[in-house]
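Presented sequentially are two complexes of subunit A, the first with subunit B as partner and the second with subunit C.
Take a look at the complex of A and B:
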């Protein structure tokens, strides 16, 4: 029955393709809508008929973003916080993951499980205790306070993800390095990390996007323009029950660009990392 | 768990407990040790000019009247939508702002918990100004006879009406709800234009819109004792049936209104898809800066009368000052500075009609006298009632508003096809539970 089997395969392929197209539409339409809304004048946004493309395109929304809000400061703050958190996640995640994957010490299993548990605690439960801690440390309304807060969810995740990946690196390679006189850190940086680039790319990408998109903590812990991030800046386009859609969509589109660039840079490794490291351990 | 014994685990748990709770012991000290002597959280006003003026006033007061350096002042802009979560966290951590603008139920809520400074002296000073203030605003700030907030602005809920459509149909703005239905049928042309953009979604504006109509039929939610819930009444049944008829029989309300959020009625009016909406003048202020053409075609009117006449809604925003503040006199001084009539008038006028002044004499200015659309505002401010009418805007009333008990009631009728009486009975029971719990506490 080779023909029937081939027909079934073709049918499955078709169904798969249709599903992929549907998913693509599902994913891209909100972005498309965001972009076209940012280019429409208010009257068209509020018009009776929703227009698929701007009939009278305008950059007024973007002009408003740059003239009435300190948008570039928000971008700067988000970049500082997301960048610092990404570096810290990579550094502490690597060290922690290596220790948990390779070293034997009391409480290792408990810590490894604790990583997953701590990652699963909903942020809504933590924002009040964290506010208290940051108040005492006088870190409310500071970049450092927000970076420290983001460590609390990005480092456990990074460690957990890297731990799985490190387990997949053959132990013999390390042992050979140790025999040749390499220390633990040397082994980590010279042997393990170069072999784990896909996993590091995933960690960097997730840490960056999580910090970039985070809203709740940024909203609660930050007051001043000097520290405010993009996500909380966007909410200032809602005044009471009036939404300023044009500038809000413009700002949202601009704020989506940096994670997109990061993703495009790391795309090849990210996909590889997701399919390898994430399922091991 | 290699090499770890039960005792080690207990030690570790103890150390973790101390580490986790340690900061709480010091929370109280963090406020006293802070570097800033004045912390003001600003919720954006309706226009950038008003925001700018308010900021200038904070720094002016700090420098000239409190002798503070700029570095000793924290002026934070907090998005209104997110203010509650932020405020709750800061109070819990013992680090709330010194001064903030509060909605009426929040004054009662935080006041009942003992967080707010008594501002009775400041309010009495305002009352002594020539012509005094609108006493209708006091319901929002009085708690056990003391003013725990300073009324900042009265917020009427007029009917925004399309004058051009009334003119085209050669009809006047309707005086009663019965006339309103007839006029609506004449001016609407669905599906492009519905007459009445009444908010019916599971949101706060629905409670406001529904209750405002029920009052005109003699209905109310609770008696003035803030204990006796009277939702299940013949007057409320009549009012709910009118809404049902407008929605199902006369079809003057768009069907989609049952899924609107608080901005649904704004959008309907701003997009010219509704001829009438009941809303604070945020719509009017939006049109002032974004659609002058539609603004010219817009009139602001009292709600039509029912069998028991016309009752208009107001809500009141206030300044509140938190007790957890090592410099309470500076906070009080800032509020007094804001409320000095000359300073105050500049901000109020810069909101383009969004805020209505609490000082009666400010209505004598050309800004309020010369625009015909504002001619009903003074009467609305004088006689308006809060959404909790006949009760006060207590914390219980705030919970009724925030948990959408009344929107659920109206959706029982419009979506689930319940009889009005049955839906009101269920609603009455739920509100009773809320009030009983709060009164017991």
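Take a look at the complex of A and C:
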């Protein structure tokens, strides 16, 4: 009996290892192809001569990205929009979450419900009317228009996530500060926020990556090169079925880096944020 | 709150602890009113977002769907004509079937693969953290980049897949992955699964790690096999996480048009057309905003159920 049990345990371990290898291959091969393509000269990329790895690796593809495309302009636009949205989400999220977590007022439960519903309503339902709204406000093709519409997913989510976290900050500290004459906002900024750094990091992470990765609104609400973000800019690399996949994969790899890097930094906290019921998948 | 230095410490402490309550009592309603105004002030930006960027657009989508509005032209009220036209449209009916198939298969595969991934990562192993980081990476990559990358993998002449199959003599013909009517939907789903699986494994793994090890030890002593332990200890403990994850993911998967837009544009012959993408092409390609809104709203009743149930769950979770 004990022998069969340890035997089945070992078997399970081996099945696990085999599955792990298969999952790693499935996950990593597309990245391999992306990076390898970006490092090949054209003749190794196309046709039946195409190679499975670069025989003569070159950075010429990357050079073409920077010299012949408005890639840097797209990156700048994405950075402006994602940056502004992150700051605003943090600020609005903190203020609103504090009110919901600590103050008593009529309509509290209703507003909490509104936050969750707003977070769950998909952009695919909102982009048509938002297009009409932005047209009326003359905000089509502007940074402001995109920043504003990105609030629709980042602000409710930030407020919701921070509200949950503020609930877990012990009341006693705050009461002492209130008695000492620290006002409501004083306690928020001096007591609660310093204790909520992990939650603020998670909010910043989600607000930044969601804005950086967003495609639908950016595609519908923006046409000009001056405002275009990186996600929609990349699709322009496909010009009437004339592909240049080398530079495209190079640009794709570079524009995936910012969200990848913040993911690597924040991954410990991200899962916590996810269990609060977060994020598209 | 003036406390003179001469007071005994005990009294001072008692005053401090009870201070908020006793201080409030005499002007209860005044303080409350002040507190409410402060709350509304702090919530103003959030409320503006909810009202003007979510609630109003949503209501106006319903209103738009009852008009024959085109881009840049005023619309005429046509009641339910848009919806009735849709029901007679062959592309629409095909889209409805595609959307159900696409969502159901993608969710099922993500679930199975995600659970497998989570169970594998929950086993004891050296450098498991490193493997976890690698396996979750697709989650951090923008969907557009995922879709473009896979479109290149599926490329007829130079893509990795055909390249690989031909190099190793597994096929002699070129397979047109994305333009073959029998293969296109399968390819789109594969990409959706690749991109969405890590979300499942993350939440499942968090759930697995929260199960006390004693439960397994107890089951083991009672003679439960590994399979029995899985079905009688693991699954019941994860049921809530399973449900929440699947419902959230159903909303996001069913309404995501980026994969289809970049991989196939709904083709070949509408074989991969799904609701959000049809709404997109109707509203912006054909410039029929009213009809586009109607298409996007057709799948909304199903989403309402999910949204209501999820909202209730998330609020309950927040109260705990």
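The rule is simple: the second predicted complex is superposed on the first by the 214 of 281 C-alpha atoms of A that agree within 3 Å, B and C clash if a C-alpha of one lies under 4 Å from a C-alpha of the other, contacts with A are read in each partner's own complex, and residues count from 1 in each chain.
One rule holds for everything that comes next: a contact is a pair of C-beta atoms (placed from the backbone, for glycine too) under 8 Å apart; a residue touches a chain by one contact, two chains touch by 3 or more.
It should be emphasised that the depicted structure is a prediction, and the values quoted were computed from it without experimental measurement.
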*Touching A:122 in the superposition: subunit B (first), subunit C (second), both, neither?*
second
*Touching A:235, do we find subunit B (first), subunit C (second), both, or neither?*
both
*Which partner, subunit B or subunit C, is in contact with more residues of subunit A?*
C
*Would you check which partner chain A:223 touches, where first means subunit B only, second means subunit C only, and both and neither mean what they say?*
first
*If you stack the two complexes on chain A, which partner ends up touching A:98: first (subunit B), second (subunit C), both, or neither?*
second
*asked:* Contacts for A:42 in the overlay, against subunit B (first) and subunit C (second): which applies, first, second, both or neither?
replied: first
*In the superposed arrangement, which partner chain does A:132 touch: subunit B (first), subunit C (second), both, or neither?*
both
*Name the contact category of A:106: first (subunit B only), second (subunit C only), both, or neither.*
both
*On subunit A, positions contacted by subunit B and by subunit C*: 46-48, 104-106, 108, 127-129, 131-133, 216, 220, 232, 235
*What residues of subunit A sit close enough to touch subunit C in their complex?*
8-9, 12-13, 16-17, 19-20, 23-24, 26-31, 33-34, 37, 45-48, 50, 52, 88, 91-93, 95-96, 98-100, 103-106, 108, 111-118, 120-133, 148-149, 151-152, 155-156, 159-160, 163-164, 167, 175-176, 178-179, 181, 184, 209, 212-213, 215-216, 220, 231-232, 234-235, 245, 248-249, 252, 255-256, 259-260, 262-264, 267, 270-271, 274-277, 279-281
*Give every residue of subunit B touching subunit A within the complex, in rising order.*
1-4, 8, 12, 20, 23-24, 26-27, 29-31, 33-35, 41, 44-46, 48, 74-82, 85-86, 88-90, 92-95, 192, 205, 262-263, 266-267, 270-273, 279-280, 282-283, 286, 290-291
*Touch list for subunit A against partner subunit B, complex*: 42-43, 46-48, 68, 104-110, 127-129, 131-133, 135-138, 140-141, 216, 219-220, 223-225, 232, 235-236, 238-243
*How about subunit C: which of its residues touch subunit A in the complex?*
1, 16, 19-20, 32, 35-36, 38-40, 42-43, 45-47, 49-50, 52-58, 60-61, 64, 110, 113, 116-117, 119-121, 123, 125, 131, 133-146, 148-150, 152-153, 155, 157-158, 160, 163-164, 166-167, 194, 196, 198-200, 202-203, 205-206, 225-226, 244, 248-249, 251-252, 255-258, 262, 275-276, 279-280, 283-284, 289, 292-293, 296-297, 300, 303, 306-307, 310-311, 313-315, 317-318
